[in-house]
């Protein structure tokens, strides 16, 4: 098991490196000269050339890449924002907790609600509860979350005045962003846990449990739920990652100074250190989420655990 | 085998499939809504007396009237005309991006799954790296790099969903590969490409079609999100997401500018998802009787 | 047909249907059987003939919907268990009636240790604490030939034959009075089959359990059963002693079953498969259900459903012609 974890951590490091190279290359290829964008279109060519030297973007691609990788992964220096002249690291330290707070709360909420609905639907398969729940799930997945966010702002902030429309003044400011971030996940989890549960309900070992004389509610709790939750657990990492990946949009709608909004500002002003660092952080975050998911899965499912222990599992 | 024979068999199969799809009430509803929206977007402009970008400063921020059933926007442009033209962009974006990524996924996934060994390792490792950046994030980055415009938006939307499709097709191919009919074909010295195209792919392609259909909806939402944050298709092009971005400033004063395009997206995506769901259950051998 | 109430288990005129997409599957069409303590009744028939449905009806674990017991009585120990409320059935399942399932690969919960799965049934029906329950489960494992050190292992760590032993241990953990064995050996290798049958047989003798053994394998019947009922399309078409059935099969279907078995001493020409397919249970033929496939069927067979005849003492067949044309060449 320990060997497996170490192996996975090493792979994770390599993947984050590669992600860093990819984002660096993408931004290098992006049209528009950052120096010109920074200084405005009226700036003198000489001044722009000086700025290019100062930013280090006059050097050839490989050299720039080498410097970036060395600074980021050896010295853990994420650079300084070209636009605001603030160290990216300190800005991230302030913003990351907000994004993660929204991400985690939204995930917990969507798993709890989604699994509850999915299991309710599966138990009442084919009845009105089932179709109602699945229609709601379908509606959740079909409406763009930022649009739902706008509608909720109109309702709760403007018409009812219960919650603030934007900003991060108090805990109330987080309510709407969290709710809006979890809609898609609720639908995904509800569908997944429903189909997992339906498969389990028809499984032979459930008949075995019935033949033992076990009570129905105990069968649901002891035999059905653990088996039905396995596929849900495997998708936890993905769920969290996609919420965080959607953070630029939700943070834009609610004007929350998180990582996503930071990334977008960086992109719009070609503030490359900001863009690269945000992406590297999000890549690290999603890799960790995936790793934890896999470990949790291995820990809970004896079949997978055995495969890991014997090192048979190759991915 | 004679081609006549094939044709005779093929036709009823498709019809039977369509019948099975619309057998469920949800899929029927989806098909009807989607057909209405498509007709509205394709033929609607022929009957509309307004262009999507006809500015009429005399009737700004109008509510629904007989002349403008969905009202007018900040420049007095007819919302209905904009919706019709915008739908063309939004729906086409969704369909093109989904099927592009499905196609690339099929190519990469089947190569990885069939050939195995180093080829597989290399392709799957690339997919691992690719997916270390979550789909939406990659979309945003590529869209920012490629700039706005229809084709670059298609590309940005495609890029994000390739790893998922590749993984799925590879899984399917691996599963099919281990079955005995492939072994039988190999025992007959059947050429590799023939095994792949004539035996493996037809058996793997159904789940991919379902996945591509189901993903049209989510890609449309991604496209709208991109436009909303100022990437992707830009105003004044009347893409639905861009219309929402346009209306954002008037959230306090004229919420109908946000309501109408949002409802259009939600209804279309819902219809496509319902259809995709019907398609999935129609193709699922477990649910077939 | 034996309808005496003194027998330990007595099923009368059981009818079960499944409803699916507004189609009605007539799975069990009026079956009456009885089993005594220590006795083994074999139910033999093709896949889909309704054998498993009969067993699940006795335990009342048929999924409802889609399945529904239309009519019939199941008397056990002088009580009609079809009339019991559900909570009384909970006490009977696992304690008085136990079932061994067809596929050991899927009959065990993959996320629970095999020991805990046995302990679960022990604790349900005995007033003992968990420690004692685990001890009892360990004993049961030993009894079916699995070292009790493997208590904490998971099903995936066992082979098919071992899993079936676990399932048997689970079924016998509370000394049931009636054991329903649903194709207990079908999923196993031939070499393991014999061991498992032997094991079941030994344990049955030890506890004087009544047993209904479901199979499509006449060899298994020959090895284990006392009486045999041949099932076709949800009906008993022939019912008699094992020896009598093997010596003197009366119903054309039974004879077809025997004829389609390869025999070592016979010439190959004797291997005659039964033509056609089992009837569609949503659309059973009029008259005798076997008539479309029966080489002896006449117009009358196709119009009138036959009745059960006792052709010899204790040898019943659901065929009006079994004495005449059918067997004149015997």
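Labels A, B and C are assigned to the chains in the order they are written; within every chain, residues are numbered from 1.
The working rule: a residue touches a chain if its C-beta (ideal position, glycine included) is under 8 Å from a C-beta of that chain, and two chains touch if they have at least 3 such contacts.
As the structure is a prediction and not an experimental result, all values here were calculated from the model.
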Q.
I need the common contact partners of subunit A and subunit C, sorted by label.
A. none
Q: Return the chain whose centre of C-alpha atoms lies at maximal distance from the corresponding centre of subunit B.
A: C
Q | Distance between chain centroids, defined by C-alpha means - subunit B, subunit C (Å) | A | 52
Q: Report, in whole Å, the distance between the mean C-alpha point of subunit A and the mean C-alpha point of subunit B.
A: 22
Q: Give the residues of subunit A that touch two or more other chains, as numbers and ranges in rising order.
A: none
Q: Scan subunit B for residues touching two or more other chains and write them down.
A: none
Q) Touching subunit C in the complex: which residues of subunit A? A) 203-205, 207-215, 223, 226-227, 230, 300-303, 306
Q: Could you pull out which subunit B residues touch subunit A in their complex?
A: 26, 128-129, 132-137, 140-142, 144-145, 147, 217-218, 221, 224-225, 228-231, 241, 244, 248, 251-252, 255, 258-259, 262, 265-267, 269-270, 273-274, 277
**Q.** Of subunit A, residues touching subunit B in the complex
**A.** 11, 15-16, 18-19, 22-23, 26-27, 29-31, 135, 138-139, 141-147, 150-151, 153-154, 158, 241-242, 244-246, 248-249, 252, 263-264, 267-268, 275, 279, 282-283, 286-287
(Q) Quick check: in the complex, which residue numbers of subunit C touch subunit A? (A) 56, 59, 61, 89-95, 98-99, 101, 103, 106-112, 117, 120-121, 124-125, 154, 156-157, 167, 170
